[in-house]
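Taking it in order: structure first as structure tokens, then the write-up.
Letters A, B and C mark the chains in the order given here, with residues in each chain numbered from 1 onward.
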Amino acid sequence: MTADVLRVHDLLVYYDTPVGAVTAVNHISFSLKAGERLGLAGESGSGKSTLALSILRLLKPPGRIAAGEVWLDDVNLMTLSAEAMRQVRLAQIALIPQGSMNSLNPVMRIKEQIADALKDHGVRLSKRQVAERVHDLLQWVGLRPEVANMFPHELSGGMKQRACIAIAMSLRPKVIIADEPTSALDVVVQKQVMETLARIQTDLQAAVILVGHDMGLMAQFVDRLGVMYAGQLVEVSPVRDIFTQPLHPYTQMLIASLPSLAQKGTFQGIPGLPPALRALPPGCVFHPRCPHAVERCQTEAPLFREVRPHAWAACHLL
Amino acid sequence: MRRILGQASAPVQPVPGVARPGRLAAGLRYMRRNISLVVGLLLLVTLALFVGIGHMVVDTSKSRALSVPALRPPSLQYPFGTDRQGRDLLATMVAGTPLTLRIGFIAGLLGVGVGTILGFISAYYRGKLDTFIRGGVDIGLTVPGLLVLIIIAVSLKQSLTVNQMALVVASLAWLNPTRTIRAQVLSLRERGYVEVARLSGMSGPEIILQELMPNLLPYLAATLVNAVSSAILASIGLEVLGLGPVDAPTLGMTLYWVNYNAALINGWWWWWLAPLGIILIVFLGLFFLTVGLDEIANPRLRRAG
Amino acid sequence: MTTLLEAQHVTKIFSSGILDRHSTVALEDFSLAIDSERPSITAVVGESGSGKTTLARLLLGLVAPTRGKVLYKGQDLQSMAHAAWHAFRRDVQVIFQDPYEVYNPFYRVDHILNTPVAKFKLASSKAAARALIAEVLQAVGLRPEETLGRFPHQLSGGQRQRVMVARALLLRPRLIVADEPVSMVDASLRATILGALRTMHLEHGISIIYITHDLATAYQISDNIVVLYRGAVVEAGDVELVVKQPQHPYTQLLMSSIPLASAERTWTTETGTGTVGLQAAGSAGCKFVDRCPRAMAPCLQAVPPLFHTERHRVVSCYLYHSTPALAVAETGKEFTEPTR
């Protein structure tokens, strides 16, 4: 049985606002095996990006991590010093951030940006070795060697995204967190970029956490999928099961609302609105919109537990 | 009408934007953040009080020549001293400050008024009209302004009154406002809500007045303060050169007499200190006000939530 | 057949620069007719750079075509009198993509509803106007007392988009041009808003032109579909045909790249790393030729005409040269025959 490479335990993250502390990540726990692809799906405001940034301790004020542990192998990242954490980032956990195409330095050539990342992590190589490493990295992500000398504005969206993947891979991390890496890309380019990511991940034997809201992308890419709602994990299951036998009512309604390309049907949205994070409903956070809610749901928050082998959900009805 | 969209089941709550506290509390809290605005307003209010109370307490007729003994340094009787031609300098400041400000205001208002109209028309309708206006403004801005003003002032045969002075300065005051307002409107007209307004049947002038203008008000206010500032500077410049209204006790004219009589060399320090001090307060006040208004006008801050 | 809105061989070229003019062809030779008697839902699908946003603005009369004409009830938009424009604005309305940009931040959301009521005299008195607005808000599932009086930033994106739908309802237009109406809205609300559009079509006979990059929603809502690639129509026809059996190589590429939200893994074969070639503006051949796996000699020479491969489908591809080409006068009218 493959060991867990990453374990998040009871993570609690607040945002401090003028009206008080708002819970953005509400006691979330999950684990990630080496080489596995885990998806974190949720709509806007569900806390998925906050979760991704918190794992890497990249959260800026007014966000703050209030409690919880993040175990990378057997090191609790929350206990590391700022400098030690900096070393862990990129070398062991890499982030492909949202809008990463815009996080490339516009006045530096691609090769300089990769070299920068290597140097920053104390990798001592001669100039020629760095050039070789850059060449290999670019080839790995499917970019022509000439790209090394180009500036970001000379590349297309897909190429920039692949350059960001190259930077993320440069130190061969164990875990890659990709936060909506393809949201600005065309469907065809999206597939190419995701295939590149998949290939690299296999080569590295790294684990991937894909954060996003495109359920189709999740369905085609990840092994296991976690569904987030209002800062909580409501379900985590193998991705096939999510689509064939969803456990949590929110997951069920979400799947039902997705437009299919197989046949025409009716439009079934989820009535109501996600709750404002500063005014979460008591009991189960989904109960105001849940068609199956009973009295217990209004007062008692359900536990997140293993309902079937490998399938976790938080619902009183299961 | 039959419902076509399911009910939002929970009562629709406003999404986290800050709940609106009392207006006064919010206003005060804003003042604390925008210190420039407060400082600017304080300086200008102080000046207004000086002029207002001054008019009640001081005899402004003493601002005319030969009304009091000459060249007295500041004393209890003449707090600002007197000048060589027998003017009570306190009375001169009290009488002259509003004149200078009036010139600035009229010129500034005219300049921004014309600039707003031209800027809006130019930016909203584009095309040949825009090219024409923009070309005119760009050419006008390359000509040294003070030079033009001097030529105008010199060509007018008779000596100027305060109001005529304002018009002379206003003749160039509209150039910069046209340019900056045009730039702002150019960016605003691409907004989604302008297109929606067009599709809702609004006409060009209606869109300019109802959709664009309200969003530009803080910017226009900042531009106005700027224009007033420049106008005052231009008028003082002209007056110091002797091209202003000779009989009026404006700040610039006082400086002209200071120059004419070599007050600096002669050691009559109270004579030049008073007008310079007031000018300093005026400009500092206007400057801080501009900075404060700019902060309000800055879209990053204006776009709420 | 009387047409409500028609685009005839519309081309839009954007040029910039004074000395060194370089131009982009945003849309080329596009034709489409919307029948005024039989309401329909037509989807226009394309990726970024396909010209779909330009198309929306041309159809709404916000920009003028470089070549060709946009006709409203037979009259050219560019030469219409004021009264005709007023009628046009009443009959053809819009739902834009960005639910924040369309609101003037200076006003409360009431403003966006009050303006059309006033301009088109939809109500005879203030009370009647209030009642009308309350009615349309309720129809889109919003409570008037909680929506009116608020500023745009106080409502969520989904609520703001619902208000835009309500605004469109106010006018009871004959045609709504919906430019990516749900792409900036959460997944769970998307189905709701699209359902509302379909209900508006079925119950009030409103035609819809649904512009999007999302084939799945386009498939679900529309009867007919037009696929755009870099400003040109590559395939058009009945949506079941085009989606289930795509004939143009680009449509086929598109369909195979879409990640399906299902338990079945369809992303099985690698697409390969072909990048979009930069064809110089004005090159003569088919726009897809540099990415096409089936490219042939004629593809480089001239843009293929629309071949009528089936009764309810046209494809712009030389692979189908054996089928009759659509006559120039008929382009755009291929949807006006009943599809079912």
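The criterion applied here is as follows: a residue touches a chain if its C-beta (ideal position, glycine included) is under 8 Å from a C-beta of that chain, and two chains touch if they have at least 3 such contacts.
Note that the coordinates shown come from a computational prediction; the quantities given were computed from them, not determined experimentally.
Colleague: Using CA atom means as chain centres, which chain is nearest the centre of all the protein shown?
Modeller: Of all chains shown, the one whose C-alpha centre lies nearest the global C-alpha mean is C.
Colleague: Measuring between mean CA coordinates, which chain is farthest from chain C?
Modeller: Of all chains, B has its centre farthest from that of chain C.
Colleague: Report, in whole Å, the distance between the mean C-alpha point of chain B and the mean C-alpha point of chain C.
Modeller: Computed value for the inter-centroid distance: 49 Å.
Colleague: Taking each chain's centre as the mean position of its Cα atoms, how many Å separate chain A from chain B?
Modeller: Taking the mean C-alpha position of each chain, the two centres sit 53 Å apart.
Colleague: Taking each chain's centre as its mean C-alpha position, how far apart are chain A and chain C in Å?
Modeller: A distance of 33 Å separates the two centres.
Colleague: Would you give the residues of chain B that are in contact with at least 2 other chains, written as numbers and ranges?
Modeller: Within chain B, residues 6-8, 12-13, 15 contact more than one other chain.
Colleague: Would you mind listing the residues of chain A that make contact with two or more other chains?
Modeller: Within chain A, the residues that touch at least two other chains are 269, 271, 273.
Colleague: Please output the residue numbers of chain C that touch at least 2 other chains, ranges allowed.
Modeller: 141, 156, 159, 192-193, 195
Colleague: Along chain A, where are the residues that touch chain C in the complex?
Modeller: 43-44, 142, 156, 158-159, 186-188, 190-192, 194-196, 213-221, 239-240, 243-244, 253-255, 257-262, 264-271, 273-274
Colleague: Please give the residue numbers of chain B that touch chain C in the complex, ascending.
Modeller: 1-8, 11-15, 17, 191-193, 195-202, 211, 214-215, 302-305
Colleague: Can you tell me which positions in chain C touch chain A when the two form their complex?
Modeller: On the chain C side, the touching residues are 47-48, 141, 156-159, 186-195, 198, 213-217, 219-221, 240, 243, 253-255, 257-263, 265-267, 270-273, 275-276.
Colleague: Quick check on the complex: what are the chain C residues that touch chain B?
Modeller: Interface residues on chain C, with respect to chain B: 60, 62, 86, 89-90, 93-94, 96, 98, 101-107, 112, 115-116, 119-120, 135-136, 138-143, 146-147, 150-151, 153-156, 159, 162, 165, 169, 192-193, 195-196, 199-200, 203.
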